[in-house]
Each structure stands twice: as C-alpha cells, then as structure tokens.
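Just dropping this structure here.
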Amino acid sequence: MENEHVKKIMHVMRHAPHGTIYSYEGLEMILIMAAYEQDLSVVFIGDGVYAIKKNQDTAGIGIKGFAKTFMALDGYDVEKLYVDRVSLDERGLSEEDLLVDVEVLDSSEIGALMNEQDVIIHH
Amino acid sequence: MENEHVKKIMHVMRHAPHGTIYSYEGLEMILIMAAYEQDLSVVFIGDGVYAIKKNQDTAGIGIKGFAKTFMALDGYDVEKLYVDRVSLDERGLSEEDLLVDVEVLDSSEIGALMNEQDVIIHH
Amino acid sequence: MLHTINKSPFSSDSFDTCIRFLQPGDPVLFIEDGVYAVQSGNRFSSAVGGMLHSNPVYALKPDLDARGVSGLTDGVETIDYDGFVDLVEAHQVNSWL
Amino acid sequence: MLHTINKSPFSSDSFDTCIRFLQPGDPVLFIEDGVYAVQSGNRFSSAVGGMLHSNPVYALKPDLDARGVSGLTDGVETIDYDGFVDLVEAHQVNSWL
Amino acid sequence: MKIGILLKEGPYNHQAADTAYRFVEAAIRKGHTVDAVFLYNDGVNNVTKMMDPPQDDRHIAARWDQLHKARGVEILACIAASKRRGICDEVLIEGGEITGLGTLTDIAIRNDRLLTFGD
Amino acid sequence: MKIGILLKEGPYNHQAADTAYRFVEAAIRKGHTVDAVFLYNDGVNNVTKMMDPPQDDRHIAARWDQLHKARGVEILACIAASKRRGICDEVLIEGGEITGLGTLTDIAIRNDRLLTFGD
C-alpha cells in the first residue's frame, strides 16, 4: 500500500560541469529528492558524463568543485546510476575515468528505462 | 583625419529568432551603433540566417516579431549585410527565402572580412 | 513517453541525442527552435523521415508560424497548444532540453 | 585574429562553425567547456589535429584542470589567464559564443 | 489531469517562460488542473516585480502573478537558486513564493505529470 | 593596451562572468587598463546586490563592485536589457551604473580591444 505513491523519477545529466550550473544545481535537486523515498535514478548522457570525470581540480577557475559529491549519492540510497556507452566512447572515456560506480548501458536499454518513468528531469 | 577613429565593427548573428533573445537584442545593439558612424557590417551565420527568413508570424507565441526591422537597417546606412552560403544550403534555404537584400558569400570570404575587423560581436 | 525537442538540430545535440533513446511508437513533438528540424529539404530531413517510420512526429504550429517554417517533411503533423496538452494527457513526458 | 571557443564541440556547433571561417595562422584558444575539444582520442581529435597544421592551438589550463582533461592532442599548448591576455594583446579577438 | 510545471530559464532571454505559460493556459482552458509552476536555475528570475519591459511587450512577471491570483496556480521559486541570483522577498511578485526543493518533490509526487520547460 | 569587456550571461548559471573576471584581473596585473565591463542580455543580472550565495562560494556582484572601487573599472548595465529583467537602481550594486548602448559603442571605439564573454 505504501508503495502506491512511490514514483519513478529519473534525473538525466546532460551538461558538462562548470561551464554552466545545470549539472551542479541538478545534483542539489537529486540530493533533496533522495530524502523523499521515491524510486530515483540518475543517467549520464552526452556531456553529462563529464560531471563524474576523475581528477577535476577547480581551484584555478575559482568555482567550487562538486564531482566528489556524486560519490555521496550512495549514502543517500541513490544507487541507480547509469551511463550511456556511446557518450563515453565518442569522448574517448572509459569506466575507469569515472569517479563513481555506474552501470554502463546501451542507448536502447536507457530508452527502455526512460519509458518506465513517471517523471524525467533533464539537467 | 576624421576617419582616424572610425572602427570596423562586425556583428555576427548566430542564433535563431524567438527561441532566445540574442538575435533581437543583437539587432537593438546594431541600430544604436548605426548612429555612431562607424564602419558596421552584419553577418548571418548558422541559425542566424533564420532571423531574416520571410513569412514569420509571431502572433501565436505572443512574442513581438522583429524580422522586418532588419529591413530598416538600410535606412540607418548599415548596408553591409552578408550571409554564409553553407548555412543557407544546409537549411534548404536560398536568397529568395530572405527578407532583406544580402550578399551571399563563401566561408573563406567571410573569414577574410572577419580578419579586417577591429571589433567582432556575436549575437 | 512523449519526447519534446526545443532546440535547433543545427546548433544543439538534443535532436541527435533524443533519436538514440526513442522507443518505437513514442510520439515526438518539436517546439520552439526545435521546429526547424521538420522543414523539408534541410540537413535533418532524412533523419526526420527515418523517425516517421516508427514514431508519430508533431510540430507546434505557433512555433512554426513564428519562424516562417513551411513545406514540412511529409508525415509531420502540426498541432497547437491544445494538441500539446492532449499529447501530455496521453503520455508521460521526456523534455530533451 | 584570435578565435576563442567556449562550448563543448559535442553539444554546440561553435567548434564546427569556427573552423570554417578560420584563416591560416590565426590562433585558436579553447576556454570553459570548449576545452573538451582538445582531449586526445575523442570524436574531435582529428579535426583539432587538422587545425594544428595551419593554426596555433591553445587551451586554458585552469579550465582543463577544472574538468580533469588531460592527455591533450599533440601540439596543443596550454596557457593560463596571463597567456590569454598576451594573446589578446597580440591579436584582435573573435569570440565564438 | 493534475499537472506540475518546472521552468528552468529566465524571462525574455529564452522562450521557455512563454511556452510554459501558453501550455498552462491551454491546459486550464481544457479543464485540467495546474497545481504549481516551480522555478529553478535562472527560472527564478521570472518572479521579480522590478521588471519593466517595453509597453508593447508582454510583462512576464505580471503574467505569472495574474495566473496565481486568477487561477490559484502556485508560483514557486527555489530558495537556493533564488539566493544565488538575487531573487528575494523585496523583489518578489505578490503571487509568488520562495520555497525549497522539497516542495518540488511534493509536486512531482502529487501530480499526474511534471513537465519541464527550459533551454 | 586599453580593453573593454562585453559580458552577455548572468552570474552562476554560466561561467562567462567568472572567466571575464579572471581575465580582467590578469590584464590589470600585467599593467593593462580595463576601461569598462558592459553587461548585456542576461549579463545585466550580474549587478544585483540582492544576490546572497552560500558562504563558501564567490559573491559575483560584490566582486564586480570591488573591481570598480579598487580599480576604477566601470561596471555598466544596458538599460533596455536591465528593464526587461528587473535590474534597476533599487537592486543595483553601488559600483554599478545603468546606461545605454551608446556607451558600449563609445567603449568599442575608444579601446584597443573589445572582448566578449558569454555562452
């Protein structure tokens, strides 16, 4: 009965970090939503994969870094982290370049997951 | 002697109209600068060419149209209007689709013009 | 799932990206600068044509009119804001910003 | 003429567009999200390599570091804000937003 | 149908605020309920009463204000996003409210749809 | 070298304001003159004193204010763009000024360079 109101909410990270704020404010939104015990997932597509790239050091641009905060998602029970394989490939990146444990999926698998959602928010 | 301080200023229209304000506020800037008797030119590149597409009717989106104001540039002695040929071609457009008289140039010609400028502003 | 695309395919990757995740049968609605995709004879016409084999494709008429986009790729349907609401009533929504 | 590019080549057309208008010898500086272009082994590496045949190519190091971009395409030089100022002193500027 | 709206871009600079408004208008006209418009990212800039566009242009903040007063649609700006951008009680339209992201989560949960407009 | 800056995006949402600031800092440090920072499009949102970012983040409006006071760099917001977006004397930082596009033209004419930052 309790699960009746649990919604499937997917956050789609589409922007690179630092150049715009979408990725950072997207993460802030995910962290708040995590407290509401909904069925959350986070998908990294396109430039969104850069948000969780290792070795980001923002000291030189004077903007607070936040890549490591993605590592905290696990502690908030946000465990469904997916990355689009094509997006990694065309950027010359592999799973080892990423800061957090993610599941790398094909486009069709991510597309199928999208179609199960009640709410999808792009960041 | 007077011409000593005349600067070559190029405005590069890069955005489609209505979806964002860059094209409209760019035009406002050009109209003001036109009063200062500098050597102005306007180049339409990429989605910027859509700004001068014929038959725009913005009534349905509730935003003021401004395409026809480009026709007024001539009256302000802004006569150097250039359009990038590749940008037209890949959009399936030709000179007849445009509201104003322009000179259609190849990329290399526009590139050469750019290199003569003192100031270039993208909109 | 209704997919909306609001950016020009020429200047943004939203169009190309959305296509990859689209499931057969999902309706696609072009709005705002996204509507430039559906003009026939441009660089994206064949991609839109391909999309039409498996998905219904719509474009928001007020946005087409505002931009003077006519001569649409065959099979693209135009709708107004009321039609947009109807699509949202029939489907969950995935807005590819 | 110094050309600056501040957008990711993957999500914006600024990179592809700028390339078409570049004159031989003109320096190109990648800043902000533009710096992703110069990582070796990505989809744009060969385009950057081609650019290097006729043009000096720079990337802003603070922006590279902020994004963890390393392993740059051979021939790309990194500079800091002081170097950016030096390039601006030597050239007029064309900022491809 | 009960609908929530998430608006992620500021007024005038992007069409998002206009499209969102026209969509809400049409939804209400067709008998649906629009619960709230939640403003995030630069979207919070939609609710400053200080905006003063040309006479012959639409007044985007006044339009949201009117939507709240006439139709009861909640117009909500995220507090963290607002503070960053200078949206505060001193500049807020009467019909607007500054609130937390928890409210957006409630909106996502209690509505049949959550639609995003942005850029 | 005498430099003018044109800044076309708002604070925090885009890096443009940060890059512009760091460039100006470096130029002044290297002995160049930065004449003015002209704000256009959403760039006018840089000068609202109402912004109140988290303690551990930079305060972009205060930084421009300080740049004017310590270095004499004019911080100018376009009046037409400002009115549309709710930037007015009530919210303007002390070191900022609202002015017309004619001033930008003067800046373009009297400086050796006009550099644009935006998105």
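Each chain carries a letter (A, B, C, D, E and F) given by its place in the written order, and its residues are counted from 1.
Everything that follows uses one rule, which is that a residue touches a chain if its C-beta (ideal position, glycine included) is under 8 Å from a C-beta of that chain, and two chains touch if they have at least 3 such contacts.
Keep in mind that this is a model prediction, so the values were computed, not measured.
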Going by the touch criterion stated earlier, list every chain that contacts subunit B and also contacts subunit D.
C, F
What chains, if any, are shared contacts of subunit A and subunit D?
C, F
To bring the C-alpha trace of subunit A onto its twin subunit B, one rotates it, in degrees rounded to the nearest 5, by 180
Among the chains, which is located farthest from subunit D on the basis of C-alpha centroids?
E
Same or different: do the copies subunit E and subunit F touch each other through matching residue numbers, with over half of them shared?
same
Between subunit C and subunit E, tell me the centre distance in angstrom, where each centre is the average of that chain's C-alpha atoms.
24
Dist(centroid_CA(subunit B), centroid_CA(subunit C)) in Å evaluates to 27
Note: subunit F sits from subunit A at a C-alpha centroid distance in Å of 33
Could you put a whole-Å number on the gap between the CA centroids of subunit D and subunit E?
38
Which parts of subunit C, given as residue numbers and ranges, touch two or more other chains?
6-7, 10-11, 13, 32-33, 62, 80, 92-93, 95, 97
Give me the residues of subunit B that touch two or more other chains.
14, 18-21, 46, 61, 63, 118-120, 122
Can you tell me which residues of subunit E touch two or more of the remaining chains?
8, 12-13, 15, 19, 22, 41, 57, 114, 116, 118-119
Once the touch criterion is applied, which pairs of chains come out as touching?
A-C, A-D, A-E, A-F, B-C, B-D, B-E, B-F, C-D, C-E, D-F, E-F
Considering only the defined contacts, which subunit F positions touch subunit E in the complex?
10-13, 41-42, 45, 48-54, 57, 61, 83-88, 90-91
Subunit E residues touching subunit C - in the complex, by the definition given at the top:
1, 3, 8, 15-16, 19, 22-23, 25-27, 29-30, 32, 113-119
Complex contact set, residues of subunit A against subunit C
14, 45-46, 86, 107, 110-112, 114-115, 117-120, 122
If you look only at subunit D, which of its residues touch subunit A in the complex?
6-8, 10-11, 32-33, 36, 39-43, 45, 61-63, 65-70, 80
Subunit D contacts subunit C in the complex at 10-13
